[in-house]
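Just below sit the structures, each encoded as structure tokens.
Both complexes below contain subunit A, partnered by subunit B and then by subunit C.
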Partner chain A sequence: MGLRRKDLLGLQDLTREEIDLILDTAESMREIIDRPVKKVPTLRGKVIVNLFYEPSTRTRNSFELAAKYLSADVQSVAVAQSSVQKGETLLDTARNLEVMGADLVIMRHSEGGAPHFLARRLRAGVVNAGDGIHEHPTQGLLDLFTIRRRKGRLSGLKVAIVGDILHSRVARSNIWGLLKYGSEVWVAGPATLLPPGLEALGVHVTHDLDEALDGADVVNVLRIQLERQQKGLFPSVHEYARFWGITPQRLAACKEDVLVLHPGPMNRGVEITSEVADSHRAAILEQVTGGVAVRMAVLYLLLGGGGTGE
Partner chain B sequence: MSKLLLKGGRLLDPRAGVDRVADVLITDTVIAAIGEDLTDPAARVVDCRGLVVTPGFIDLHVHLREPGEEWKEDIASGTRAAARGGFVAVCAVPNTRPVIDNAALVRFVVEKAAREAAVKVWPYGAVTKGQKGEELAELGEMAAAGAVGFTDDGHPIERAEVMRLALLYARQFGRPVLDHAEDRSLSQDGAMHYGRFSTLAGLRGYDPLAEEVHVARDVLLAEATGGHVHIMHVSTARSVEIIRQAKARGVRVTAEVTPHHLALTDEDVAGSGYDTNFKMNPPLRSAEDREALIAGLADGTIDCVATDHAPHHRDDKEVEFGLAKNGVVGLETAVGVVLDALVRTGRLSLERMILAMSTRPAEVLGLRPPSLRVGAEADVTVLDLEKRWIVRAEDMVSRSRNSPFLGRELVGAPAATVVSGRLVMEGGRLVGW
Partner chain C sequence: MESPTRKPKAHLMDADAIARALYRIAHEILERNKGTERLALVGIRRRGVPLARRLVARIREIEGQDVPVGVLDITLYRDDLTERSEWPQVERTEVPFPVRGRRIVLVDDVLYTGRTARAALDALLDLGRPESVQLAVLVDRGHRELPIRADYVGKNVPTSRRELVEVRLTEVDGEDGVYLFEL
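Now for the complex of A and B:
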């Protein structure tokens, strides 16, 4: 069986059953990555287009490897940031992709809802690889995958998401996913970097990092964009590190076996110290491997595992 | 001599204390007689039985896009949309290309409208040269050429000192300064209302404080100068409260609200699937804000309903939500939306609606309001409170169709529009062309 949808746009609209299916499938994909010959013919003849309006080497490489391991043809279309504002419109791009015969489009865009726009206009499937400050569903799924592997479950956990929640699509996808499993989600960060209304979803919001970390099973450390400082959203990197940086001392409040996640790339010494990042508690490299497995699962379920219809 | 006989309608003019079933005989441009069983064999008869006959509706806030962006709208198409929507007059904001910031351009609009418009067009002039917010435009010259007020709409007047001078100076000519209240350092190019739903949709939030801080400033400047400030498209609860308190102190402040802010909320934006027809400035606000707007309109804190009719071509809307142009059309849906969302539900009396869409808009501009009195100029709107209809793009006569109400069923519609004694719309269809 596959996913009964053509697109993966966010974790908000996925059911728990669908997420289970993706994570279970990712487990078998993970085995392929461990083989000496990492190639199965599953998606042979399928054409996947990488449409990245924002540079992201990590995510793009992860999707490309996932597609290649499944024998799909991948075409990367780098779109200059400026062409979002002028030149070919997304509507034109959609029409071109339609006639080029793409089976699946992986899209990264700086505007929330851009993949939804594309998905409505294409017969091909669309995978959201990050849209503005909205969602980054495959990152959310790989975080869930990593947590499930380490903790054996996704429910009944206390998960603290720390940092710039306001601009984080990773945080939003994580929140949706974890809430569906009944885990307790805490977000902590400077007041200037917290969005409104998360309480209404059942998320605990605090400006006190220690409260968020107290008894936490998982700490998801977000990458801080240093340019936010220029916009005055926090006064200095030094101050950020002092109040929000994840250090071994800070982690003492968490459960003994706390799991530390970070979507990368890290600002070592700012949001996370090297001692934490390189410790056995962190699963940052596992996340990268899990990312490929999860993306293989998503591509497979959208393209190969049936259910590519409506 | 042209004659028009509106037969058997309920005449409702709250300002004049008129509420009776009667006939209205219009001769040329004026109301010649009001009474029972009027007849005139020379008159064209409009059957108004079961309908409400009111003073003509006026829209204080319309983007006609001429000169400069005629593919979106022009004076001819925009005023036809107004006629279809039940309006006898529209006020044209000056953020055209070029900006209407001098007497010659004001005259251009007046003269073009005299030749081509289906309804009356009352132009505004810009407050500052080029709407740059720096130097005052020639307000006196423009007033003499027919400008009924001044606004930099499309842009807020950012510098407080410029606003202070504008209020002081415009006061000499008895004209209001109409301001788009937005502190851009707070709105930050937000794509929708800052709140729970912007967090969910992952769209940049537009803080209601951006409006409120600016409204508070404008009110203080009006109070200090004795000038008349009109706050355009008020959208938040705290703005309403600031205006309410200022009015109680006697500040010369008036305000308008749009039908879309009265009928829709940020939850509708989140539920629209990034439909850019739900993107406007100010954005659709929270349910609590909407309640406060309705209450403010009902108690007279907000004087008028104005559409902020903002036509945009498809190309400007068929894009990513955050990149789409702000604005929605409103002339053809305003009456239906207000009747359906507010009057039918008992949130707003019909009398108050008529005041807000006919009488007060004229009064805000210092003009004699339309009225159902013998001898008055025959500007009349006829309403059908029972008409059930669906908003459809293909029925619109505006050049643009960027409406958040497309596909929505409404109960209540304009049934006829009479402009200076001329029947321009009947039964939803334009007549006389």
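Now for the complex of A and C:
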């Protein structure tokens, strides 16, 4: 059984069965990361291109390692030094990579929908590694993977997503994924960082952090991008930390075995205190390992050659 | 292995025959390795796994010694992935002992082209460097495409390529038996 699609663009259009398949496959991939020889020959001869129009050390390295562990050849395009700077369009760049033999393009772009645009035009598969403020499906999947490992299930949980929901593609992917499993999703943040219309998706929206945390099984703490602060979306970092920062005292409202997630990199002392981040309740480094496993699973399932049912 | 709906052409082994073959193989393993020192069995998913567990139980009966047993999933080592119509589900490899320096007996149900055994060798060698690797199979049906030979064979069955050998085991299929089908 494979994913019957050539692209992974978001969690919104994945079925629950497809997500289950990716997470189950990632469980098997997780074992390879712990081996002394972290390499299997599965994708030998396949070419994967990392096309990142925005800097992202963590996601890019995670995809790169995932590809290498499966023996694919991986090429990272440094867009800043590429022909894009000479005025080449996105489509021309990707077409050039395709005729050079790329089987899969992993793409990060500041514009929402950019990977969808490419996916419709390329024979090669496209994986969305974050588009604008839209989706970041592999981050969403690795969060689901971490929750499932720690909690044993994804259904019937109360999950609070806290912070800058407006600019967070992670939040969107999490919401789509968790709702498919029937979890109760709460989002909480300052009014300036909550987009309108979230309720229509079926999530609970609140400006009261304690209400969101009350009885929560999982708290997903979003990163505050400090550059947003310059735009005046919240008065000061200090004030944000005071009202929205996740501290041990705040976690007292949650279930005793609450699981704390953070997509990284963390601003310690702003959205999360070190006490929480370094506690046994947090799974922040587990998320990073799980991220490699989930990306291995996605690459394996998408690069199915003739087996994708096309 | 998909079970054909047609009737089998022949019933090659029944439960007793399987039990006797495994008992003999257990003896042969002990004889060749002069006991259980540094010995370990690794079953190839899927039906190699219950066979490896049964062999370990026989060895315990004969020798009074426990031999470690592992499970190998070779999906990620197949060389025909892109030729398959369905992308196989990856299962977990669980070898809970260091492979290095061990005498490993790989166990599978049917030896046919040899591609599964080759993939299993690759998978095993990625886990460490064993002292030696031996191969035990319940049925050898011939038609090798690679230079691979089993050290222990339950039953040699000359077959045509248009036939299918199906091993059924209680742990997986609810019954013990080996059947020959016409494809």
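Here are a few things to note about the model shown:
Here is the rule we use: the second predicted complex is superposed on the first by the 297 of 310 C-alpha atoms of A that agree within 3 Å, B and C clash if a C-alpha of one lies under 4 Å from a C-alpha of the other, contacts with A are read in each partner's own complex, and residues count from 1 in each chain.
We take it that contacts are C-beta pairs under 8 Å (C-beta built on N, C-alpha and C of every residue); 3 or more make two chains touch, one makes a residue touch a chain.
Everything numeric in this text was worked out from a predicted model, so none of it was measured.
In the superposition on chain A, A:112 makes contact with subunit B only, not with subunit C.
Once the two complexes are overlaid on the shared chain, A:223 sits clear of subunit B and of subunit C alike.
Residue contacts after overlaying the shared chain place A:39 against subunit C, while subunit B stays out of touching range.
Of the two partner chains, subunit B is the only one touched by A:197; subunit C is not. Look at A:281: by the touch rule set out above, it reaches neither subunit B nor subunit C. No residue of subunit A touches both subunit B in one complex and subunit C in the other. Only residues 1-3, 21, 24-25, 27-29, 31-32, 35-37, 39-42, 70, 297, 300-301, 304-308 of subunit A touch subunit C when the two sit together in their complex.
Within the complex formed with subunit A, the subunit B residues making contact are 191, 194-205, 273-274, 315, 318-323.
The residues of subunit C lying in touch with subunit A in their complex are 73, 75-79, 81-94, 122-123, 126-128.
Listing the residues of subunit A that touch subunit B in their complex gives 12, 84-85, 89-91, 109-114, 116-117, 120, 131-135, 169, 172, 195-198, 200-201.
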